[in-house]
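Just passing along the structure, written as structure tokens.
Lettered A, B, C and D in written order, each chain numbered from 1.
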């Protein structure tokens, strides 16, 4: 059960899931219903009210893109597969596929008085995503799927980053119970930092 | 009409269908409508009411993932193709693509007094999926598409498992007419067992 | 502008479109709204009313699957590409991507007194699909993209079948103005025949 | 971080996004609600009212298809990758993925008295898409990812076309504030010209 073909098909499958999850994000941005619009000004205002939805769309798009880039990099470290590795990846896919749900929640409720559940759930999903990363890298290390010692060392760094991310997003989720808007801003800055960091690396 | 290229494109096509079917499951989990929510507590409660939908989402995600893993393993046994094989796979894809429908039914009606139709249909779809597996493995055997005798032997086991699964899910669908909730629990345990079994195999 | 890579990416792209179009068909089968259901019997009845939608879903699934198989076979005849060929394929994709719309129309209106527009449009879309086939095979022949004389000969058969299909579906669309239900039955029988014919070929 | 594999996976990922974005366009063409239809004539009229939606669907389909063809051609010029290149492509994908939103806006509001916001936003999105093209080709040139001098020269043309496109679409977006319908016609003619130009090139 360990050959390069194996991973090729798993990789393609995951790429498909990433690409679809990214693209599906848009269907939660609904255009303003025409029966409520009677002037051009009203249409501009109604589109303006989609601001939080568009913000949430762009943030989730960036998160899934960064996750894809990391997944891409991680798969270059392994050259074998195992059932546990496939299912750990399946779990990671679950946390990617679910993204449109917290994204829609944040888009709808961010600027209301009851934003807390939206931001708490959004950060909880990314915290669970960190758990999936810990599992994927942990299984790769335990089952010795990595190419060589250098790859194993990078994979260990991935796992450690997974633990750090889990602690950070769990804390953000917790604090968002009281300060949802502030946490939404901190989360955005964090991901913007990740993106810049990723860009500088090459 | 028998070359490796043939199967490569069929495999990619099926992978695409699996990946999209998985990802589309999320669009049936609708966020609570904002006009019914006026406090944070109400939003938490409304999200809590999505419990059965999220349960159904995770169950169907696991079923499609396991089916993909099995499809993956089955395709490593064959190295040729035929029109019948392509259409048998097409029928299997039909039973995968339809999954969002019974999933949404279970999510909506599981905890109501009229859960029976939802659970009956859910198990009927997986029973029809077993028929598709019987056809795929049966065609592969009859048209001698398998690589060698060992592959043919594993394929025969697949077909037998298909028959067993068909009997089990049909019975579950039947009993769900009277005890839908109990059958929902049994179905979940069965798939959790399948997943654990799959994991231990590697 | 003529190398095998070229076609590989076009093929993958088309496969993706086929796979997604197939899978998207399901989202037009909406589950019965819970506020109209108060007994198990009512839920069974409401699901029963989805009959035409499920019929339309299965028919369109079969049509897209058969189209994919034909596309698959046609691409084995060509080993080069051209801009015209890419855009002719793009036009074919347009006629595949649009399928969920006539499918939903037929599902909603087939058993009502005003089924004519639904069946007329359904058959018109397949008629336009035949035009796309004529273009794809015509461009392949005119730009000499086919592998050899034997491939060119099969491609000419494809083009001729395209003309026949165009005439047949156009006539069905026309007659459906007066006899929509009868034409829906004839269309289904035609595609069932195509499927059986396709199966026997291998 | 520079090997052919790298680009292969990026290419597949982008192809997936293009294919899904294309196909998702259809779900914004909703069939007429059955409770408002009581005669065949009314159904024909209601379908006729979908004209602007179908127009917007075909236009956006053509734009995404042309963008895919250009992306396809651009990737044949590069044989290496970098983080900046991946994220520049990710940004291009963002502008493709967002297309269903302006498409639905145009479909809904084009023939009303308040078409301006729809047409302004539609052309703004394509203007931002030009910025993405400038970034993709700019990064490819700056990081020397192109295969050879000839490829670099074509890429420089791409970048220049990106600047021209940005100016053109920005101006169209601006003028659409006052003359939305006229600009919608000009935009359509422009893309039809692009398509014809693309076709003649081969």
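As a working rule, a contact is a pair of C-beta atoms (placed from the backbone, for glycine too) under 8 Å apart; a residue touches a chain by one contact, two chains touch by 3 or more.
Here the structure is a predicted model, which is why all the values come from computation and not from measurement.
Participant: Work out which chains are contact partners of both chain B and chain C.
Facilitator: Intersection of chain B and chain C contact lists gives nothing.
Participant: At the interface of chain A with chain B, does the proportion of residue numbers present on both copies reach over half, so same, or stay under half, so different?
Facilitator: Chain A and chain B contact each other through largely non-matching residue numbers.
Participant: Just curious, how far off is chain C from chain A if you go by their C-alpha centres, in Å?
Facilitator: Using C-alpha averages as centres, the distance is 35 Å.
Participant: Could you work out how far the Cα centre of chain C sits from that of chain D, in whole Å?
Facilitator: Result: the chain centres lie 25 Å from each other.
Participant: Where in chain C do residues touch at least two different other chains?
Facilitator: Residues 12, 16, 20, 24, 27.
Participant: Judged by the touch rule stated earlier, which pairs of chains are there in contact?
Facilitator: Applying the touch rule to all chain pairs gives A-B, A-D, B-C, C-D.
Participant: Write out the stretch or stretches of chain A touching chain B in their complex.
Facilitator: For this pair, the touching residues of chain A are 1, 5, 9, 12-13, 16-17, 20-21, 24, 27, 82-87, 90, 93-94, 97-98, 100-101, 104-105, 108-109, 112-114, 116-118, 121, 143.
Participant: Within the complex, which stretch of chain B touches chain A?
Facilitator: Interface residues on chain B, with respect to chain A: 11-12, 15-16, 18-20, 22-27, 29, 31, 34, 37-40, 42-44, 47, 57-58, 61, 65, 68-69, 72, 76, 195, 198-202.
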